[in-house]
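See structure below.
As written, the chain order gives the labels A, B, C and D, with residue 1 at the start of each chain.
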Amino acid sequence: MKKLINAVEDIVPEMLEGLVRAHPDRLRKLEGHNVIVRKDAPVKGKVGLVSGGGSGHEPAHAGYVGPGMLDAGVAGEVFTSPTPDPVFEAVKAVDGGRGVLLVIKNYTGDVMNFQLAGEMAAAEGIEVASVVVNDDVAVQDSLYTTGRRGVAGTVFVHKIAGARAAAGGSLQEVKQAAEHVIANVRSMGMALSPCTVPAAGKPGFELGEDEIEIGIGIHGEPGVQKGKLMPADAIVDMMLDRILADIDYTGRETALMVNGMGATPLMELYVTTRAAHRRLDREGVRVYRTYVGNYMTSLEMAGFSLTLLRLDDDLKKLLDAPADTPAFKQS
Amino acid sequence: MKKLINAVEDIVPEMLEGLVRAHPDRLRKLEGHNVIVRKDAPVKGKVGLVSGGGSGHEPAHAGYVGPGMLDAGVAGEVFTSPTPDPVFEAVKAVDGGRGVLLVIKNYTGDVMNFQLAGEMAAAEGIEVASVVVNDDVAVQDSLYTTGRRGVAGTVFVHKIAGARAAAGGSLQEVKQAAEHVIANVRSMGMALSPCTVPAAGKPGFELGEDEIEIGIGIHGEPGVQKGKLMPADAIVDMMLDRILADIDYTGRETALMVNGMGATPLMELYVTTRAAHRRLDREGVRVYRTYVGNYMTSLEMAGFSLTLLRLDDDLKKLLDAPADTPAFKQS
Amino acid sequence: MDTAERLDGARLWRMVERMAARVAERRAELTELDQPIGDGDHGINLHRGFQAVLAKREALSGQAPGAILKGVAMTLLSTVGGASGPLYGTFFLRMAAAAGDAPSLDAAGLVRAFEAGLAGVKERGKAEPGDKTMVDAWTPAVAAMRERLAAGGGLAEVLAAGAAAAEAGAQATRPMVARRGRASYLGERSAGHQDPGATSSAIILRAMSEVAAEAPAS
Amino acid sequence: MDTAERLDGARLWRMVERMAARVAERRAELTELDQPIGDGDHGINLHRGFQAVLAKREALSGQAPGAILKGVAMTLLSTVGGASGPLYGTFFLRMAAAAGDAPSLDAAGLVRAFEAGLAGVKERGKAEPGDKTMVDAWTPAVAAMRERLAAGGGLAEVLAAGAAAAEAGAQATRPMVARRGRASYLGERSAGHQDPGATSSAIILRAMSEVAAEAPAS
């Protein structure tokens, strides 16, 4: 395992210290907790937005803390949901008197830990609501299972719920905006190579020189199936097949996110961006905005995910709103 | 070789198509050339800024095309300087009547090809000036050799010359601003792993599981020496030793860039950011702004570089100026 | 066979220390089980949690069983994270509630506490037997303990029966297709791998059984 | 030995085609030489350039030597890129100037053209012999050709002498520490590797020599 780290157990706090040192005028860390909040938190009269999860998905989630997006990002150990305590601390730190929305990715651990934190906050009289993001079409959706994972579509939830909160929306309205995104956002990912959880010291799976993992999540786990390496255009087609079959995008304006898993060169992300645009053109899906980059990563995994958010006028307005965070800037 | 590509020979144009498709309102590609220009080029009355080089350094250089930075980015084949023709086309496309500055990284090929293009443009009556960036302290500077390479410090040249041009500076003033950066910017890089030029199909060098390359450039070449894997803090110290010994930063405000080589997780970049800040604190060097991310990459190389730009009031003002490009946004 | 034998705080604390030791020894194995069907952190998570529990030795080791169990629960809850953190937290919290503030538990009381713990895990995680989770270790374990208790078994025998059943239960998760937790994302690909959480549950119960089988110290 | 033998356009074009063929065959080797001390693209670059030259067959093959050399120069200049593009471009451009618009060159004229090419490369790239560049192939090659010419050698002999000297010159770059081009960044680490550009220069000259040694076609 080759990583730019010091001691394995210090990675998360050291990373957060680096983030705050890079943005000392914007961010601060809650003393004793792996929580990054807006420097000016709590913002009086604004609904607070808290998200988080295991670390290793950088810039998610602390990189999305700032005006127009999150008020706090809670960082668990690598690929491990944070415990309830830091989430609770985050809620207390960002509550500006109009309640706090928790944006949770749909993993058993995240859901349980965040909800416990919500119960703790409610017990202290803070109004808390939560949404669970489950945009990953690679996983079969079913009442009898854990259901779909939350992946890169979560960034659109942050953006749009954040814009509604910044515009003065109530907790109910902010939650509705988030749910509106969740109903309209779908993603799928693939990997060219695995990643190594630092404390584990070895990769999560192995792949042959001509093999890929299709339908991966964001925790270095294997995908729903192995496949042979194909041209980028064919990979994109296969992924879009799944997304487009899930909800109907025809004739609709959409936002497209081409998300690198951490070790994918931007060059390759743009090659896949081209392929996605060409396919969407053929399908009559109009791309309203395109985001290309490392938005929701899996350590040093090579690969990418595609996310499509179906838009309407309300979502477009909120998507277009400004945001100014370390990893997502729009004016 | 596992890459998200179609045919090896189509990578560069396909990548540029993807970039333009992602930013159709901001960018356009010159027909028949691997050149990206501002959609509104030429900007009347503004000095034009052209940079470029081999591909594989994305987002450099086309990702820095936009208000406040470049007017055109010229993309050669992977790690191969573009030929004079596309540079000449770029100059013609962005000349707004006040001349064009070429920002060249110090590589034999880049210097020769860009200067040939400049001669072609001059022959057509376009006023052209050029600067050569050589910020890499890993390489011995000497009159009898090619001298130092241009690496990530080039992005600061784009930013600051771009700001001067946006503020209405003359060609001479824009060139001076660029030279002012070049005199004050120093970088050094290291790699945890090599990268593979697509057409070559195999990595540029090999490294053992506990080895690193120190003093690498940005073309997948081996560094000036091999070393043993060390903790991030020790690696940062070793790199800063070299940079701080080269010019005196003591008591000066500086801009810090922590640049990923393409496959380095942001998590690790923030760990090194922390280390760099702590060391600079101890040295009495005040960090005025910090930039962390993939700014000047080497395909899928893992590793990073540190760049320090020594500031004065003029450089601070230009650094603070807004920029709005796909890969560098500041408001 | 001493059916009147009771589990007091001191002995329970030794069991907790044994759990921590066994988890520490086998954490790499637990993490390796979590790689093919999860995210490769289960051993790391649980080890972190039990190390935090050990750090509370001074506050907890002299307490009654209920207080120890509650301390273990709250510590795991606030240090393990992931899915197993709230689940083990809930498990021990429900055990603590069942233990109340009695200075010691007899075998029947201990089995009732395990029953409460299992009910808590099922409630919090919504998993049923066959879903390929820790429930597949605890369900047969609790059944076996109940049976051995009914047959007149003492603490050590009951725990030995529970540990053996938990181990068999963990092994039986191998062919299952996961329906809960991370492994469920793999669908059919989850079959053929033993569940890490069921395995750690068996390790925990085996640690208790080991201590119960030893001569009480001092 | 026919000292009056002349190189006309048709034969020069066959030489150009042979250069393209030999570069195509040996491009992987050239790229591999460029990996340890460069950026691993030299064979790719040069191959791309010579393929573009081949595509100009119709326009160029019927021309006089000067026009062919100029066409080769401009094509390499606008398709090779990197350091070798402008350098080979300059080399052939200066050869073209020396050839002028004569319908054919004798051995003396050809050697003068090589001299002009070498001077152009040195001017553009500022490299001297010993800097571990293509100059280390062309310098001994030109000297050897001049010598053989003075000894009364014809085209084929002159080119054979030049090719052998270029090959020796390329091999002699191995121990050198680079002072120009990318390899210079490596400092002492550049020693022990043969220079790719010197090697491609020898390949190019050997291709010409091969064609000169063959019976002129039709």
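Everything below uses one rule, namely that a residue touches a chain if its C-beta (ideal position, glycine included) is under 8 Å from a C-beta of that chain, and two chains touch if they have at least 3 such contacts.
These figures come from a predicted structure and were not determined experimentally.
J.: State the smallest step count from subunit A to subunit D, taking one step as a move to a touching chain.
T.: Steps on the shortest route: 2.
J.: Which chain has its C-alpha centroid farthest away from the centroid of subunit B?
T.: C
J.: Between subunit B and subunit D, what's the gap in Å when you average each chain's C-alpha atoms?
T.: 33
J.: Provide the C-alpha centroid distance between subunit C and subunit D, rounded to the nearest whole angstrom.
T.: 76
J.: As a quick test, compute the distance in whole Å between the mean CA positions of subunit B and subunit C.
T.: 55
J.: What are the residues of subunit A that contact at least two other chains?
T.: Where subunit A is concerned, no single residue meets two or more other chains.
J.: So that we know how the chains sit together, what is the shape of their touch graph: line, ring, star, complete or other?
T.: line
J.: Spell out the part of subunit C that touches subunit A in their complex, as residue ranges.
T.: Residues of subunit C touching subunit A: 31, 35-41, 44-45, 48, 77-87, 124-125, 179-182, 184-187, 189.
J.: Report the residues of subunit A in contact with subunit C in the complex, numbered from low to high.
T.: For subunit A paired with subunit C, touching residues are 54, 76-85, 107-109, 112-113, 116, 136, 138-140, 144-146, 149, 197, 199-200, 202, 204-205, 217, 219-222, 224-225.
J.: What residues on subunit B touch subunit A, complex-wise?
T.: Touch residues, subunit B against subunit A: 2-7, 11, 14-19, 21-23, 55-56, 58-59, 63, 192-193, 209-210, 212, 229, 231-233, 235, 258, 262-275, 277, 287, 290-292, 294, 297, 299-300, 302-304, 324, 326, 329-331.
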